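Below are two complexes that have chain A in common, paired first with chain B and then with chain C.
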Partner chain A sequence: MFSYCVDPDSLETLAWMSCYLTTGVHMSFYMAFLKVLGLLAVTAPVALGFGFLGAMAARSGFGPLRWFGKTYIAIVRGVPDIAFFLFFVIALDQALEWLRHKALCPDWDMPIRQGNDFIVCQAAKLPAGSAPEWIHETYGFALAVITFAIVFGAFAANVLFGGMRAVPHAQLETAAAYGMTPRQTFWRVLVPQMWVYALPGLSNLWMVLIKATPLLFLLGIEDIVYWARELGGTKTSRFTDYPHGDWRMWYFLALLVFYLAFTKVSEIALEKLMIRLTHGQATTGGEAQRRAAS
Partner chain B sequence: MKSLIFTTAALAIVAGSAFAQTVRMGTEGAYPPYNFINDSGEVDGFERELGDELCARAELTCEWVKNDWDSIIPNLVSSNYDTIMAGMSITDERDEVIDFTQDYYPPTESAYVALSEGVDLEGGIVSAQTATIQAGYVAESGATLVEFATPEETIAAVRNGEADAVFADYDYLLPLVEESGGELMFVGEGVPLGGGVGMGLRESDTELRDKFDAAITSMKEDGSLNALLDKWFGEGVGTY
Partner chain C sequence: MSACLQTIQDYALRSIGIGERLLPRSDFTLCEQVVLIGSGMIWNIYFGIFALIIGFFLATGLAVAKGAQNPWLRKPAEWFIFLFRGSPLFIQFFFAYFFFLNLKSSIEFFDPFTAAWLGALIVLFLNTAAYSGEIFYGALRSVPKGDVEAADAYGLTGWPRFKRIIWPTMLRLAWPAYTNEAIFLFHATTLVYFSGFPAWQQRGDALYYASYFADKTFNPFVPYPILAGYFILFTLVIVGVFGLINRRLNQHLPGEARAKFQFRPNLLR
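So, the complex of A and B:
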């Protein structure tokens, strides 16, 4: 990157480091941090949406919808993440390609499954075989977001379901007595009050989600843990200008600092949110706030 | 007549899309000198250079994709990429699942590396990478096998004493031994293993395999493959 980096062997430690840490492959490492943050920023709201829908379905008065919601929560919570990630993503990918294949290539006469091989016509490939690499990566990223959202959505649904049940029943009865319809009761009385009960559970989920991002590599996305392992490995002078020994410890130490700092910031933000949500609620926390103010 | 026209039209479409197809080349990117990630973050190594030349000769557009070694075959058969060039030895077990071109690297010699002479290679603990021919060999040799997902970890296991020796391709170990400053050394005899390194393809992809096969043959005939082997693995390796 810098002009003096032409011959790294002759450099002092500090200058050598400045060259080493700005190589193209390190840029990919830094990009991976953005990738992880991006994934979290997209996945968290989507998963919360899934959770909200799941919780609404699970307490619905309409039988089939309620069974669907409860089944979703039970199955996804029960299956190990890693199995879900390996199985579901490949199945989803193949299902999409199979549907496109049926629609786009009706004349195809060869079987789709030939022994181990899964073959669809070129036009049905997702993304298209000729697409540039960044489209493939974006597609993989989208699959990752969907998978994360489904897994964490199930946990969020359970938390929100509990939160909805924790709202004092007298509140809902009062709303009904005032002549509110069930829909109005739900949106105006139940939902605004349930967050304070759901937040501790949701904040737990958020912390787990942050730490679950290395699962990305299972989906072929090069995340920070992959790069730390790759960059930290022993490098010999034949294949790089910056040979070094086994430095994985230092790279993983950097990851440790990153994750700790990130969870600490999250904790502070969630604490602030909790104070806001507690305001005016009929809970111990809300009562304490009222006393402190008066 | 009508159906004939339709068939021709359909064929033209199929031919057209086949022409525009990009061949995606899967590799591990963690096994120098076969394949590794260079300082600018790109796939590099013997197989990168060879693969690009093969694609040029077969008049294909190729693109390189990285994939974990563990799932490199499953992702090939589910069509996430079209070939594997990852120092993969041709074995009967793999041949049942995927197809191989002819070898572009002669049957490889595998070797043991340890911290000191006199390590018990038949009764001790030997590390190897998961799902490799070396792991299979160690498991049958009587030694206790410890497997790791990446080649790097197999070496680290020897350095920190978790394993007595590591068993891997000679060409992978050589630069590591040379630069370890005497810490690591070759022990025991080399073991010839496998049926040479070839390019893996889906069994149904016979057309693509024939193209690459022809390109490899032409590189063997004009000596350019030997030149590449000598460049990446040292003089005298090229024997085609």
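So, the complex of A and C:
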């Protein structure tokens, strides 16, 4: 990257490092950090949406919908999450291909599962075999996002369900006494008030989501774990201008520090958010703020 | 049926190296999948139980240290807990593995540390100690003041006071949360063989075999539900055993005052 990087062998340690850390592959490594942040930025709202739907289903008056909501929450929470990640990535991929297969090749007569193979017609392949590399990557990433959203949606559903139940019942009764319909009560009274009860759980969930991002590696994404393993491995001078020994330990130390810093920053930000949300609420926290202000 | 008995003989202890060496390669029967994934559960149970038992003692120490006045005790405990709770277990595994690998190349003594049975156990032990230490610390702070005052009035001080009054109450208060920690640790053991630690001679844990089958058959709908079934079963066992201990810890209390367990695992670490 720098002009003096032409002949790395002749450089001092510090200059060598500055050249080494700005090579093209390292840029991909830094891009992978953005990938993690991107995943978080996309997944968090989607998972919250899934969670909201799940919580609404779990407290629905309609039996089957309620059972569905409760089962969704219960199953995802009872089983190791990694198993879910590994499961959903294949299952989603196959489900999508199967649906396209049904739609695009109606006159296909062979069974889809033949022994150890899963065979759909050429047109149903996802992404299409001829698609450029970036489509494959985006498709993989999208599958990962949906998987994360399904798993974390269940966690969020559980938290939001608890938050909805924690809203004082008198509030809902008052709304009913004012002649609000159940729908109005839900949107105008319950939902605005539940956040403060749900926030401790949701901030915990955010921390957990941060800590779950390295699992992208298991889903076959070229994320920071992938690059740390690649870049850290022993390099001989035959293949690179920057030969070094086994540095994977140091790369993972860097990842460890990255996550610790990220956790710390999130903790501080969530604390601020909590203070804002408790403002004017009928909780001890809100009461303490009111006292301090007056 | 008899074929399945044969499979059990061949593969039930496959994960610890007893029985048939070669894994089945094609035409997997349901029986083979159930038996091999169950065989892998041995490792999950091994990691879970040992990490939990050793971690329990360190966790108690950490909780006391974090509650101490002396900053020389408090700060290290706080940092230790933050280090292990603030970073993903997955990265901790990777780091530890490569760390042990580096040590091994210079000092021969660290040879076994790069194997999962020891290296991963150490990481899980430190990790669960940090999480349970935080739980115990919270419980330590909510030990009723009256209990401690009563102990003082009886002339109990120092170690006897801690052992006979504070510690049992702390355990009683922490137990429901600690039950969740145990379940959660048990689920976390599935990460071991996906995080650098090699599965020597394909002796892996339950998830290792489940993903082996899913890869080979390209059909995730059989092995993963089997795995889920095993985990739900063992989760129920943990809840049962910890419930018994909880009953013993609370035996002097009337029914309503007892702390109840609620299934609330901390999700993922």
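Here, the second predicted complex is superposed on the first by the 286 of 294 C-alpha atoms of A that agree within 3 Å, B and C clash if a C-alpha of one lies under 4 Å from a C-alpha of the other, contacts with A are read in each partner's own complex, and residues count from 1 in each chain.
In this section, a residue touches a chain if its C-beta (ideal position, glycine included) is under 8 Å from a C-beta of that chain, and two chains touch if they have at least 3 such contacts.
Bear in mind the structure is a predicted one, so any value in this text is a computation, not a measurement.
Student: Based on the superposed arrangement, let me know which partner A:Thr236 touches: chain B (first), chain C (second), both, or neither?
Tutor: So A:Thr236 only meets chain B here.
Student: Could you say whether A:Val120 touches chain B, chain C, both of them, or neither, answering first, second, both or neither?
Tutor: It touches chain B, and chain C stays clear.
Student: Look at A:Glu222 in the shared chain and tell me whether it touches chain B only, chain C only, both, or neither; answer first, second, both or neither.
Tutor: After superposing on A, A:Glu222 lies in contact with chain B but is clear of chain C.
Student: Answer with first, second, both or neither: which of chain B and chain C does A:Leu260 touch in the superposed model?
Tutor: A:Leu260: touches chain C, not chain B.
Student: Report for A:Phe87: first if it touches chain B alone, second if chain C alone, otherwise both or neither.
Tutor: second
Student: Same chain A residues contacting chain B and chain C, which ones?
Tutor: Touching chain B in the first complex and chain C in the second, residues 90, 94, 115-118, 217, 229, 246, 248 of chain A appear in both lists.
Student: Under the definition above, what is the set of chain B residues touching chain A in their complex?
Tutor: 10, 14, 17-18, 20-22, 24, 29-30, 32-33, 36-42, 44-45, 61, 63, 65-68, 74-75, 77-80, 82, 97-98, 150, 152, 155-156, 159, 175-176, 178-179, 202-204
Student: Give every residue of chain A touching chain C within the complex, in rising order.
Tutor: Listed in rising order, the residues are 75, 77-83, 86-87, 90-91, 94, 113, 115-118, 155, 204-205, 208, 210-215, 217-218, 225, 228-229, 232, 246, 248-249, 252-253, 255-256, 259-260, 263-264.
Student: Would you tell me which residues of chain A are touching chain B in their complex?
Tutor: 23-25, 27-28, 90, 93-94, 107, 114-123, 125, 129-133, 136, 217, 220, 222, 229-230, 233-234, 236-243, 246, 248
Student: Which chain C residues qualify as touching chain A in the complex?
Tutor: For this pair, the touching residues of chain C are 26-27, 82-83, 86-92, 94-95, 98-99, 101-102, 105, 187-188, 190-191, 194, 207, 210-211, 214, 216-221, 224, 227-228, 231-232, 235, 263, 265-269.
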